[in-house]
Amino acid sequence: MTEPQAGADPSQFTTRAVRDGDDWVINGWKFFSSNARTAEFLIVMVVTDPDVSVYKGTSMFLVPTNTPGVRLERHLGVLGETAEDGMHALIHYDDVRVPASALLGEEGGAFAIAQTRLGGGRIHHAMRTIGMAGKALDMMCERALSRHTAGSRLSEKQFVQGYIADSYAQLTQFRLFVLHTAWSIDKYNDYRRVRKDIAAIKMLIPGVLHDIASRALQVHGALGTSNEMPFTRMVNTSYLLGLADGPTEVHKVTVAKQVLRGYSPSDDLWPTEHLPRRLAAAKEKYAEYLEHEVGNL
Amino acid sequence: MTEPQAGADPSQFTTRAVRDGDDWVINGWKFFSSNARTAEFLIVMVVTDPDVSVYKGTSMFLVPTNTPGVRLERHLGVLGETAEDGMHALIHYDDVRVPASALLGEEGGAFAIAQTRLGGGRIHHAMRTIGMAGKALDMMCERALSRHTAGSRLSEKQFVQGYIADSYAQLTQFRLFVLHTAWSIDKYNDYRRVRKDIAAIKMLIPGVLHDIASRALQVHGALGTSNEMPFTRMVNTSYLLGLADGPTEVHKVTVAKQVLRGYSPSDDLWPTEHLPRRLAAAKEKYAEYLEHEVGNL
Amino acid sequence: MTEPQAGADPSQFTTRAVRDGDDWVINGWKFFSSNARTAEFLIVMVVTDPDVSVYKGTSMFLVPTNTPGVRLERHLGVLGETAEDGMHALIHYDDVRVPASALLGEEGGAFAIAQTRLGGGRIHHAMRTIGMAGKALDMMCERALSRHTAGSRLSEKQFVQGYIADSYAQLTQFRLFVLHTAWSIDKYNDYRRVRKDIAAIKMLIPGVLHDIASRALQVHGALGTSNEMPFTRMVNTSYLLGLADGPTEVHKVTVAKQVLRGYSPSDDLWPTEHLPRRLAAAKEKYAEYLEHEVGNL
Amino acid sequence: MTEPQAGADPSQFTTRAVRDGDDWVINGWKFFSSNARTAEFLIVMVVTDPDVSVYKGTSMFLVPTNTPGVRLERHLGVLGETAEDGMHALIHYDDVRVPASALLGEEGGAFAIAQTRLGGGRIHHAMRTIGMAGKALDMMCERALSRHTAGSRLSEKQFVQGYIADSYAQLTQFRLFVLHTAWSIDKYNDYRRVRKDIAAIKMLIPGVLHDIASRALQVHGALGTSNEMPFTRMVNTSYLLGLADGPTEVHKVTVAKQVLRGYSPSDDLWPTEHLPRRLAAAKEKYAEYLEHEVGNL
């Protein structure tokens, strides 16, 4: 889906497929194509009708990797990988011809397919985050009990106690939020009713993993920064999860818009809860009581 | 309970009651006595046996406010109150004589009584925090939809959207944590099993209220800082809740200690999850497979 | 300047003055008028020419408070003040007639006057913040050395040490930034050259005061929340300084825009510092060396 | 210097050198030995007199890497490096015999040598941090101006403007602090006078680099997480700098202790700035004025 010049805003995608007889001919660039190094086929999301909204005019195709015109321009590493180890790629499609049967789902149906995966995919990221962050917390606690420095174990030092307490609270709350949202998904089976919470969870994922993995790394000292512990990879994963399936900023905007749907502007220059207004209303409501009872005190 | 020189550490309390015939005679200072201005009696927690642990040697007394020797030294305001409005006081007990019947509960039983209240009291603070912070979020959203500046409504500006999304996520997670803990309290009816989560919630309270009330205040502009909106009071309350029933730092230490009870030190110089150790264990476990299957590739 | 419906965006001001013979007649609302309770005259900033930019069509007038038509609708308290103590007001101007001589400076010159004050005013707020936050840090340190709890002085506990170290670093850096900017103001005597740093300082003020005063409050325990210490007022002041002379968000945007003036977009799809591009450039530059020297290794 | 079981607390170092005739014989483990893969000699810091303070009883030796008994147990990678690329090592010294001339400086003088380097080394890390973070800010700004999404350039979105403004303010303040401290080092030439600020700077380094590099990474989207941009390495470096030359927590404690040297406990149960005390003092000082002047109002 991603292209070099656009990711979170699909309206800027330019890779096109044009119908030519029974075939489709694809031209353009795709970026961060997953597992490109070893994949036998690529799933590519391209504009098939530029005259309608991108959400209606985009289709998915299955393209065998060895189709003429498919060129892996560069491999990309993430999480500290080198290009040599990287499993993502920048790919150029140069008059790549595929038969009509290569269309995945319906013409124009790419976003319907993608959205189906993304809702589940985002909460799946959350669940993996709970696992990783929980593991980091476990390791932080073991280390705090194992390491002795400057007169006491790390577990007796307030800075470390703070890391543990903050991590426990952050993870416990997040886990309950993910569980509750998963329950809502099952209960309502209606993406619109859970969209707010899925976006909120996606927005929280990077911070939960980042914060807990960072603290665990720090408690392990120099060893924590090394290839002999998984913390650098966990921290780097937290950044990846702040961009994969949409950057955190986009999810924040979604959450805000969804929350705001439950509210209306004030009917007045002043807020509904403006205290002078509330006070006047209370005085009017309790006028009789105030006059007779309080007045007699 | 609080004295001028000590609050969170009861071992430093010095106000004493000494048995004299059928009476008790109380001497010392008490600080932040609630509702002292209007109360007909005071509940005072004093050392009755200095030779045992403070948790065993402290008793509670009911002292009529007009008992000779009770002197309200100063009234204290909180939350921006002046001394004139304040409902707390610094009180001196100067040979205050009360009968044996003034003892509340058993001799030496003050902490048993207090702890009973504190568990419930702390989660009660959390519930009130949910209410206050929820109200602040409601007001923030109404304001964001009502106010137009620099070309658009506040609700369309990312900074404000960020405030709303962050507040929603923070409050939702906290609410689920409080609900879950309340359910645990009911289910287990065992303070020791829920102590970790009660302490974690108490530790989170000030931040939840502070952050959401601060954002709501800011979105209301100058009006938000004024006596015409409740935000200054909410923010000030968040600080009070960071100290009432124990400072946040003490609860952090409690959470850490409780979490650490679930862990053991590593049995080795290196952590249990040290990757070279894990790798060696995996190689040993899968030695046969690695030799026969992978070796043949 | 502020009106009930607008503050940071002057284009929304609606209070008008219309020429009538030798007089001006003012109509509209003004909010947060400082010192209104005791002032003998008001400085009011009103639109005199709605057909040009507000920055050209707004004038300042001196209006004696007892001029017919001037009505103090409500007093407002800030920093925890009640309305009774408040020194700001909501004022209605109802056909308030003033002579031509009431015009302060030139017709349409209100923003030129205001901006002159605001540059200096903002850094003046910064200097007062340094004083207040410095006092809070002093008090935090004295308290940390004076208070003994749970086996040691507060000054020996890492949480408190962290508060002190963080406060010292935050304040020292801020002080140097303010000093450097004040030096730049004197040196360049050119508002445009220092605008970026004045906005950056204004943006930092609330956080510096808030964070340090909050920590000092906390270290003082319950006493810190009371009217007997200045911390609640300091914290409340930090919120006021996040809105007075423009909300923090507006200053953030200004800083960003000023910083961005020093940069250009990349001339390419990829960033200038894209590593493949840099690597290719380096290989070309050092081609001869790489071939002869490295090739022979 | 570092050993597997100890880093920041030298009193726990156990690697020993024992005099044997004209030689020294070294036994023990050293961890994170820099450049071990390619170095011709190692600088090893070992206990030579266990009966005095480690700060007096530790010496440095130059040990040729090929000396019998020196064994490179494992290579370690940092910053995402694999062990194969790593330049640090875990080294075992097994009856490693070196002549008296291998002693670097005086016997027992290791900390005097190390401290000389560490003061300069820590501010040197700060200077490199300014360079790296400044580069990250440059790249963030170029990207913000180059990338168009959801209707505008990134530079016009408040979230991104916030990242730029916060980064500019954080870096500018840090740069001034480092410059001022470097000037103090030159001026006083006395480590004790600048120790507080060197520790404060060391404590700030990881945050400055982490925060600015993280924001720059995020603004670059998926590309920012890849091997084609330097941001992952910068973020990882920030963690390394939170541990190299002492963990941040140790520097925080140092800063606090140094700051506290400038203060004394209160001479009273209440703080020096307790408002009732200040008010009483003021009333006494101005008693005559208050009686005659104010009394007549």
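By letter and in written order, the chains are A, B, C and D; residue numbering begins at 1 in each of them.
Definition applied: contacts are C-beta pairs under 8 Å (C-beta built on N, C-alpha and C of every residue); 3 or more make two chains touch, one makes a residue touch a chain.
All of these numbers come straight from a predicted model, not from anything done at the bench.
Among the remaining chains, those touching subunit A and also subunit D are B, C. Set side by side, B-C and B-D show the greater C-beta contact count at B-C. Interface of subunit C with subunit D: the two copies contact each other largely through the same residue positions, with over half of all numbers used appearing on both sides. Note on chain placement: the centre of subunit B and the centre of subunit D lie 34 Å apart, centres being C-alpha means. With centres defined as mean CA coordinates, subunit C is found 33 Å away from subunit B. Residue positions of subunit A touching 2 or more other chains: 74, 157-159, 162, 223, 227-228, 249, 252, 276. Against subunit D, in their complex, subunit B makes its touches with residues 4-5, 74, 157-159, 162, 269-270, 276. In the complex of the two chains, the subunit D residues touching subunit C come out as 135, 137-139, 141-146, 155, 158, 160-162, 164-166, 168-169, 172-174, 176-177, 180, 196-197, 200, 203-204, 220, 223, 227-230, 249, 251-253, 255-257, 259-260, 262-266, 271-276. On the subunit D side of its complex with subunit A, the touching residues are 2, 6-9, 12, 31-32, 74, 76-83, 86, 88, 148-150, 157, 159, 214, 217-218, 221-228, 232-233, 235-236, 239-240, 242-244, 247-250, 252.
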